[in-house]
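In what follows, chain A forms one complex with chain B and a second complex with chain C.
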Partner chain A sequence: MALATETLRPARVREGSPWTGLWAVVAKDMADHLTSTRMRILELLIVLTAVGTVFAATENLRDTVGQDRFLFLRLFTTGQEPLPAFIGFLSFLVPLLAIGLAFDAINGEFNRRTMSRVLAQPIYRDALLLGKFLAGLFTLSLVLTAIWLLIIGMGILRLGVPPGGEEVGRLLFFLLATIFYGGIWLGVALLCSTVFRQTATAALTALAVWLFFIIFWGMLANLAARTLAPVQLGTPQEIIAQVETSQALARLSPNTLYVEATIGLLNPSTRSFGLVLPTQLQGALLGAPLPLDQSLILIWPQLTALIAITILLFALSYVIFQRQEIRA
Partner chain B sequence: MVEVVLETQNLTKRYGDFVAVNNLNLVLGSGQVFGLLGPNGAGKTTSILMLLGLTEPTSGFVRVLGLDPTRNPLAVKARVGYLPDQIGFYDELTARENLGYIARLNGISRPEAKRRIEAALERMGLAEVAEKRVRTFSRGMRQRLGLAELLLKQPRIIIMDEPTLGLDPEAARDFLNLIRELKNDNITVLLSSHMLHQVQAVCDRVGLFHKGVMVLEGSVPELARNVLGGAYRIHVQAESRNGDVEHALQGLPGVLAVQRPAASQYVVEAAHDLRAEAAQAVIQAGGRLAALDMAEPSLDDIYTRYFQEVQHGARN
Partner chain C sequence: MRRFVLLTMVTALVLPTLLLPAAAHAQGTQQATGSPALEISTPFPAKVIGIGEELTLDLNLRGNGSSKIVNLQMQDVPANWNVSFRGNGRMVNSVFVLPNEAAEVDLRIEPPADVQSGTYNFTVLADDGNGSRASLPLQMTVQDRLPPKLAIESERPTLRGEPGNALRFDVSLRNEGDTDMTVDLNAQAPGGFTVTFQSGGQDVTNLPISGGATERVTVVAEPRDDVQAGSYPFSITARSDAAEANIPLTAELVGRANLVFTTPDARLSGQATLGSDNNFKLTVRNDGTAPVRDISLNASAPTGWTTTFDPPTITELGPGQQLEVNANVRPADQAVAGDYVLNFSARPAEGTTRTMDFRVTAVTSTWWGIVGVVLIAVAIGVVGMAVMRFGRR
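Let's look at the complex of A and B:
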């Protein structure tokens, strides 16, 4: 009801910068994150996983030192039964970390009854929301960068060689993609914290969305592709159409985008995702690694999609938050 | 004439068909303490939220220090302190850290903030617990911390929603005394309460709310004169063998009405202070005077009486 009256009103010009107070919010929330027990536990979990998987990977990789140009990339991608590779863990741990950072960002302020006190200070809601998002993103970046350095450090110690320039470049982009992948889940959690007043509801909803994409989205994409692009005559064109539809649908999931970006970066011989037709391979040296810029062109759509989804989610939270009445 | 610091004209807030605040007209002069009073659900909080720009008015206009809170919210909020009815702090932070965050949000420089925080904590009697986490604070301490936060901003206007809610009578009295002191700093105070008698002593003027409408507005003696008829109510306790005492009291010039709530008790409503005359009249009528006392007119009486009269059609 209140919404209706407020949308009909002609937009009035606000005065003063929308970002006044932004950095005060970022500093306060980052300090909260870095001292909270919740974050300590998640960080510990990630460090243990990193140490465990990298230790196992270096056991395997020692023999190939000197033969492999991309030894340091293998640190992240090599698993040892029954332990999967570190990137396998990351696609679980990063969403968990991100959701843990933001699921109570907005509703937590309402529940503690601090929201009206904060918004009674000279600060726009824009700054509060963005400040909370940035605090989460910076914390996430800090934690992931620390882990990244830890892994590379361990690699240098255990393998006895420094990483090459291209390896560092690829790993930097991989770090960036991981941060933006976390940004999406940060956006999901922030949205949930804006929509639901109960922090438990917000956390569970965000986790449910994540599980949905990890477990069910792939299956659903398959099913949907079968109805959208049915194979009736069994011609190769039909089969290709179905696989491509399924793939396009799968790419709506942030997980798929992240996994593809990771593969493109950490597996330099990747030339394309999904079906590779013989015509596309003409003139290509099979198995030969692509240079970094070519790999980047390959994963550029994935990287930009990750960023675009994050911005979209943030914008949605923003619109909802702007319309909420602050009575607590 | 004092400078007008806060003004509303026909301020209205609707939620759908429900009118939460109906055509509120308010003028507050600098350094005044104004009480926005009325029962729960009368529209006090909604009015306050509109003054601060935390809720957009449906119609009407607000000027705070000459500024429009919906157009210029930052400038208004930098000059107005707000103590919400259910005040919350970051429990895991200390009192000083909580104030530090507010200082940063207000863009107060670090050394200046340190100085102001110290002074505010000292003034509110919280200096000893400054390093304690707010989690351990009692309701009264939280309320004082809230006031410390307001002082830190050095506002021109302070708006408090139900500041005595949940305080024991002694803490409430102490808190109201703190509010009185703000007057000396020439800070304008607007406070809301549903406990009429509790705040009437600190308010220079009050506005009585009923279902979104401010039905009465003025100083307490003014309202008493208008609504109760007499500004003075004299309580007399006296034994009398026949009905002579009541009769004698009624006969005094200046007496508007005499009520007899109990056999030996009389309440005399008078246009001026008639204590001496009343005592004389009781004795002359052969009554044995036991006590005589003049009560301040109570806002609760004013409110109750007003609605009795509205219901009986004496008004409107």
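Let's look at the complex of A and C:
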């Protein structure tokens, strides 16, 4: 019986761990990323944006805010005309950076005809794909953490106060949400680079998906909500149903998830994202900040969705990549 | 011839004696139309003094003709009386009088300490040594003085009030003697009272009262908050060197309830999980001096929240008693997490309702957070399954 099983399923027997050589791939790819001109340009762009917006924000904060418990959170959320706040920039610079990191991860190897050479090494495909994905994610984390520290350092220098414990906690979760928001676009780009053989096609497709979600999805969600939950009699129930449908659809976009997570974390007085009925606000102290754990519970679905979508996108790329034929 | 000589001698001797008075008389009559040769006067020749007092009289001396030195004397001075003339503060015996100009001299009369009351007559004599004389009769009445005496009275000697509120007794002090006196005020206050005296809005401890005058004094008796109800008599004593008077006053205190509504640690905030029962401990205390009856406990909370108290009412709370009450707050299921203000109130049957703003931080149960973790676990599981299924050489 044992012999029969062996002969029936010879392909399924693997030797050693599928993750052998994973860290070699991660190290090599990270080195490529961090030295590539493309990444330098994007990083420079983000650093300049960070310095500019935070400088403007501190100018504004020093003028207007005397006593604020969450001064450092305002660094990220305060804008000064004509510059928007830093988080506004982040929500479209991070996808750009992530797509830039991964749109040629797989098909680039094919185009350079290095894929078969790499796989000729004792490295499984699993390790190669995960290594490329992790390299992108780590590069993203490295860049974002560096900018995060830069902003906090600038804040300490220019505001003259250290951040409080709760502020640091909120900012850490904000960093986590930002990294996984980047992770989603990294996953999208990786998927495109796996599916399309041309790097340009992959880049354009990823950018198209990004533009679709950032520009058109909101309008589409609105239109779809009108069709799915039409307001026929104008009763409050119908209006509420439509608004809730529209919101549920909008939350399919990673952009919405990220913006909501950011607002919940960086604006501690946020109590709810949905429609709040006047009866729910009776007796409520508006403007009172939520404790960190309550804010986390509020944005927990958004945060876990960002992480889960990242993982699922990787899983999808993995399945497609594993089923591809690779020839020398 | 001898007879003629004798006659001339007699005439020479007698004539001047006959002539001189005539001359003097002529001089006097000559001055009777204007003023006498020497005149002594005082504005008030009859004065009344009390026993133990001294008297100083202003004497005016006036002469005409030539300037002269006038000797002064007193007649009919009773024994042990001290009488002296004084000029510029010094004892003098004579005065130099310029013609037609008044000379002033003081006459100081000091009766002995044991003088009897009655009327005494004196005469001041002025004599210039050249035959001009003047006299001035003086009368002095020594009177018995009124003994120093104080009277104290109040129109409303009994007042009624609540603990913590000052009672104000109006008291009038009358000096029934003649002499001015300074009166010290004292109170024998019962325990728990602070007694002060006010005159003209100012706190005083003593005050001067002139003879025969009346002063109004307010006695402010301030009981402490925790003084039990009852009647508290006390007395006020006014005392000077020579006289003393006192008056009994009564403060009647009625009991007052003072309800205090708070929490055991005086913290007026708490945390409540949405959709579940949350217990808050509250305390109801009576800091007053009378019992509080039928306290009902209520809460005004946002819609959809339920608040119950255990016990819902308190039948009676005696003075100094304290009771712990459990407030059970159940926030609405669909409430939004965050801070809310609840208003708890304790309403006694009589008296002031006490309210307390209680800040509740409504928190969502962390149970739903696990769902998110499960979601991530499922995603990782999908990757694991994909590795299992599609993992190739």
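In this section, the second predicted complex is superposed on the first by the 309 of 328 C-alpha atoms of A that agree within 3 Å, B and C clash if a C-alpha of one lies under 4 Å from a C-alpha of the other, contacts with A are read in each partner's own complex, and residues count from 1 in each chain.
Simple rule for what comes next: contacts are C-beta pairs under 8 Å (C-beta built on N, C-alpha and C of every residue); 3 or more make two chains touch, one makes a residue touch a chain.
Keep in mind the model is a prediction, meaning the values are calculated, not measured.
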item: First, second, both or neither for A:L233, with chain B first and chain C second; value: neither
item: Which superposed partner A:M219 touches (first chain B, second chain C, both, neither); value: neither
item: Touched partner set for A:Y124, first chain B, second chain C, both or neither; value: both
item: Which of chain B and chain C A:G21 touches, first, second, both or neither; value: first
item: Which superposed partner A:L303 touches (first chain B, second chain C, both, neither); value: second
item: Chain B versus chain C as contact partner of A:Q322, first or second or both or neither; value: second
item: Chain B versus chain C as contact partner of A:I311, first or second or both or neither; value: second
item: Contacts of A:L290 with chain B and chain C, given as first, second, both or neither; value: second
item: Touching partner for A:T114 - first (chain B), second (chain C), both, neither; value: first
item: Chain B and chain C footprints on chain A, overlapping residues; value: 14, 124
item: In the complex with chain A, residue positions of chain C that touch it; value: 300-305, 332, 334-342, 359, 361, 363-364, 366, 368-369, 372-373, 375-376, 378-380, 382-383, 386-387, 390-393
item: Residues of chain A touching chain B in the complex; value: 1-2, 5-6, 9, 12-16, 20-21, 24-25, 27-28, 32, 112-114, 116-124, 325-328
item: Of chain A, residues touching chain C in the complex; value: 11, 14, 18, 124-126, 271-272, 276, 279-285, 288, 290-291, 293-294, 296-298, 300-301, 303-305, 307-308, 311-312, 314-315, 318-319, 322-323
item: For the chain B and chain A complex, residues of the former touching the latter; value: 14-16, 45, 49, 52, 54-56, 58, 70-75, 77-78, 80-82, 84, 86-92, 101-102, 104-107, 146, 149, 153
